[in-house]
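First chain A sits with chain B, and in the next complex the same chain sits with chain C.
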Partner chain A sequence: MRKKETASQKAIQQQVAWAAPVLGLVLLLLLPVFARYNDYVLQVFTHALLLATLALAWNILGVSGSISLGHAAFFGAGAYTSALLSLDLGVSPWATIPLGGVLAAGIAAIMGLFCLRLRGAYFALATLAFVEIPKVITDNWDGLTRGSLGLVGLPGLPSLRLGSYHFDMSGSLVGSYYFVLGYGLVLLVLVTLLFRSNLGLALQAIREEEVAAEAIGIQVQKYRLLSLLLSAFFTGITGACYGHLIRYLEPGLVYGLHFSAIPMIFAICGGRFTILGPALAALVLYPVDQFIFHPLLPAGHEFLYGAVIILAILFMPSGVWGQLRKGHFVSIKTGSIE
Partner chain B sequence: MSLLKLEALSKKFGDHWALKEIDFSIDEGEIVGLVGPNGAGKTTLFNLITCRHRATSGRILFANKETTLCKPHEIQKLGISRTFQSSRPFAKMSTLDNVVVGRVFGGEFHLFAQSTDIDSAKQLLELVGLAHKEQTPAGDLTLSEQRRLDLARALATQPRLLLLDEVVAGFSPVAVKQAVDLVRRVRQRGVTLFIIDHFLSLSLRVSDRLLALDHGEKVAEGRPQEVMRNREVIRAYLGMRHEDEPHGA
Partner chain C sequence: MWTTVLVSGITLGSFYTLVALGFALIFGVTHTFNLAHGELLVLAGYVAYWLWKTYGVSLLFTFPAAILATLVVCLILQRLFSRLREPMEMNSIVLSFGLAILLQNGMLFFFSGDYRLIRVPTFNQGLHFNTLYLSYGQLTLLALSLLVIGLLYFLMRHTFLGKALRATIQDREAASLAGINVGGMGVLAFAIGAILIGLAGPLYGCVHYLYPTAGLQATLLAITITIFAGVGRIRTLILGGWILGFAESGAVVLLGASWRELVGAVMLITLLALRPQGIFEREQ
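Entry: the complex of A and B
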């Protein structure tokens, strides 16, 4: 009797695990229609999607157990690289956006040199401090970056030509929305493949028991570095997209604590042991913040994030999605989307 | 030919000698028990052999190659695996994934787990009696199940030499008996075993030889019955330091 109940509970859980993401995807694809092409709604969800990609990218490192508070370094470096190359050299954003990722990964290699020997809170604090390096450089290298004046008039997101079709990604909010959605889906597929691969297994093993991981032949530092580089690469791409989306940059904006803390908050609330959790948290929390808390508390609406992270740490250490997936985190065997 | 050779191996923590000048060797195919009271230096010896700690002096040779200064993952690649005194499962990963990861990194690396990796991981779970728990997160297993999972994961790396640190501590008599069978079956696979067993419940039954340590020093080595008759060993075990105290073993 009991067994039957738990079996059916499990079946329901499995169904939720499948149905929720599929339903979410359909909603996201049709969102511009539901929103009746309302500018504000589209803007909020475009930004929510962008933050979802930031959280997904952050968690490529997060899944290995390292909590970074320094991802703004990669976000800012990606944004500035792509902006300057397209603005000053006239290179197409199609090329400059990935280059933003490459520079971010280069910065991550330097960060790794200093920080990867550390663990836990020490790692987090070291990464937090590290952000100052690219920020100060960007702020003071006036000749290259225009310093604290910032950059204005960035080219918009690139447009896509397929035969006679021409998708304008920058001219309309709907175009931008689908551009970010497309990038988000590509990143989700890549992260799923990565987490389900043996590389993903190694990163999880390192997170769970570093000594045992080493004893079965995993080169711990090599894999930690690899996950940092991949995480930084995609964070840089997200930063680059952000620049072309809002079309101006300032060091204080893109290197701010906001872009370091927000992906960590989403990952921890959503579930940093899962694939989807961080992205789902971004897609729920940011719109809630903007539509509900912002009008109520224009000055202090971000207290929402502080509150949810405290609640998550106290009551749901594996995050909301992690809790729903109870014990079924990323696995090579279970066929579901975690 | 000896598979593992220790030459005057010593380890000092601060000003405390955890191991002093240990000379010992193990032949291919042997099962050797490592016995001694708490704090004798048994786990430290394993930590040196697997290069988790660096020897203060002396040499370690594995398959005629000096390994004293290797890195832990290099030792594994050469063919030494171990279990831990308090097991270290990858708690949030499934029991099956715990073994698969051992298989993948102990063997040839592929980006995605091959079905052969998964099949052999399943066979190992069968061997240690955990087949019915393959989807359970390893952290939810009982302590004795986690010990067996540790063993399956170590075996998955296909070692030539397997170091077991207190695998049967806290096992029921029935479970110890199963472990005896298990160890024999592991040996049949061609694995050489070095087994730490404080309470002797396993090593007396399966070992070809014993090495007894006390206070970091080798006090005896040889056939199990001989070693257990050794006065030094009896004294170490009963914690007796004076000749005039009776001993009943």
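Entry: the complex of A and C
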């Protein structure tokens, strides 16, 4: 069905596949220089980078073919854990941010117990319902979480001291920006290694043909659980960073549908089965939303996300980056092997 | 106290069944999940609110407009669903989730984020039977829900069209072989589903606050009741609705109103965990 690609087209694709991310990285590294006098631009891109890490983390599970509509559970759990530990016990955010990830993974283990036997649509529905559990508990456990009042005055992101050099990541927007960019790059490297490891290959095999994967000896349930835990861990860390960045939390905000929907939308629009796609979609769509649609439509500008996901699932189910990189992935169903 | 739980359980449960009917019918006939179900319900509620508030239209006459609104959106959704590729169930979830976001933002734009309620003055008065108290609001909700459920039951059991719909739900290939236009039945299911949502929406606006993101709760309860019942069984749907209604009313009395939202979610996860293979596999 697909037109046969000529060699030159393929070469161009290869070049795009390398040039675009490198160019993007250079632009991101230099962005504070371009936008030195504009706090708003820095804030938007800091948030876009944070959403990119969210999409990358979501896709650790997404690459196995599962669609989660419940990642807000991990995001909120990470945010609340880190916020409460640093607020009430005065622990440094350096320690509480990873602990946020650990608690999120713990919640994922409980979710896995109930939901991992489910496939496809039923897994998605169960995760959608699961978010309500930590949300309602956080909302009602006033003694611990201050309930629906939320948390204010969270400590900012930690500062880094290297000898005499003091890198302030909470006071200055540039510092926050580079902190999130650094975390994003670390996560990108980890996800790349993960996707190329045996675990990554196993997850992709499960996605393509679960029965066949099981037949060649892949322990499907074990790998699915592992990918859920890893995905939740990094989602929790992103949630924790979010809390220390905006320094204000509320159950309805961090457990809201928004943080479940956003990573799913970015991952599918960008390309669920690619490494970079989800992050690229976040870095393009969020600024477009903030710079173009937000000023035009202060109420309702997020219709953009609904529109792009509908268009993507109808016309480009493998995502924009996935379409560009087609042929670089072993795909049994389409029969193309590179 | 427990008579109150009983009464509010049956009232809520019957209304929940009405809310779930459209979802169950669409799912049964077309095997697609409509995650925008709750948003459609809230949309119908908003249309009724708007007519009531700005033009003073009485509740009864807001139904046609609400139905018209849900019909238009549902038929567009049906057109979009018909272009989807396999796997249908999963892709329909993603697509209708996108539609839910579109509708949420559309409603935020047109009706703002404020909480709205259709206040019918007589709904707060009521009848006393010894210790039992029934408000006219509850009575209306119960009567209208049961009436619509009864009408749908009649349609499904005693008309030729209903037989064709049920045949499609039970086995699409066999229905197709028997000369039933399965695609047409899909459009019909969306149309009837839209009418059901359009009837439930204004009632929803009388008993719950309307706000753009209120739909998720309704979607979850529709999914819960549908999965409890399997498909094509209206009587089991009512049973599921009542159990959910009792469980929620009980939770409100025992734990407090803020824990109510948890009941549906826990029930859905339990049901799915007990029947992981999904709904259609059951009879094999």
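In this text, the second predicted complex is superposed on the first by the 322 of 338 C-alpha atoms of A that agree within 3 Å, B and C clash if a C-alpha of one lies under 4 Å from a C-alpha of the other, contacts with A are read in each partner's own complex, and residues count from 1 in each chain.
Rule of thumb we're sticking to: a contact is a pair of C-beta atoms (placed from the backbone, for glycine too) under 8 Å apart; a residue touches a chain by one contact, two chains touch by 3 or more.
Not measured: the values here are computed from a predicted model.
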{"item": "Fit or clash - chain C, chain B, common chain A", "value": "fit"}
{"item": "Which of chain B and chain C A:I216 touches, first, second, both or neither", "value": "first"}
{"item": "Partner chain in contact with A:L31 - chain B first, chain C second, else both or neither", "value": "neither"}
{"item": "Winner by number of chain A residues touched, once chain B and chain C are compared", "value": "C"}
{"item": "Touched partner set for A:F273, first chain B, second chain C, both or neither", "value": "first"}
{"item": "Partner chain(s) touched by A:G306 [first = chain B, second = chain C, both, neither]", "value": "second"}
{"item": "Chain B, chain C and vertex chain A (Cα centres) - angle in steps of 10°", "value": "80"}
{"item": "Touched partner set for A:A202, first chain B, second chain C, both or neither", "value": "first"}
{"item": "Partner chain in contact with A:L173 - chain B first, chain C second, else both or neither", "value": "neither"}
{"item": "Per-pair minimum CA distance [chain C against chain B, superposed on A] in Å", "value": "7"}
{"item": "In the complex with chain A, residue positions of chain B that touch it", "value": "50, 52, 72-73, 76-77, 81-82, 84, 88-94, 96-97, 100-102, 104-106, 109-113, 118, 134-137, 140, 150, 153-154, 156-157"}
{"item": "Touching residues (chain side chain C, partner chain A) in the complex", "value": "33, 35, 80, 83-85, 87, 89-95, 97-106, 108-109, 112-113, 213, 216, 220, 223-224, 227, 256, 258-259, 261-262, 264-266, 268-270, 272-273, 276, 278"}
{"item": "List of chain A residues in touch with chain C within their complex", "value": "67, 69, 114-115, 117-122, 124-126, 128-133, 135-136, 139-140, 256-257, 261, 264-265, 268, 297, 299-303, 305-310, 313-314, 317"}
{"item": "Sites on chain A touched by chain B in the complex", "value": "196-199, 201-202, 204-205, 207-209, 211-220, 273, 318, 327-329, 331-334"}
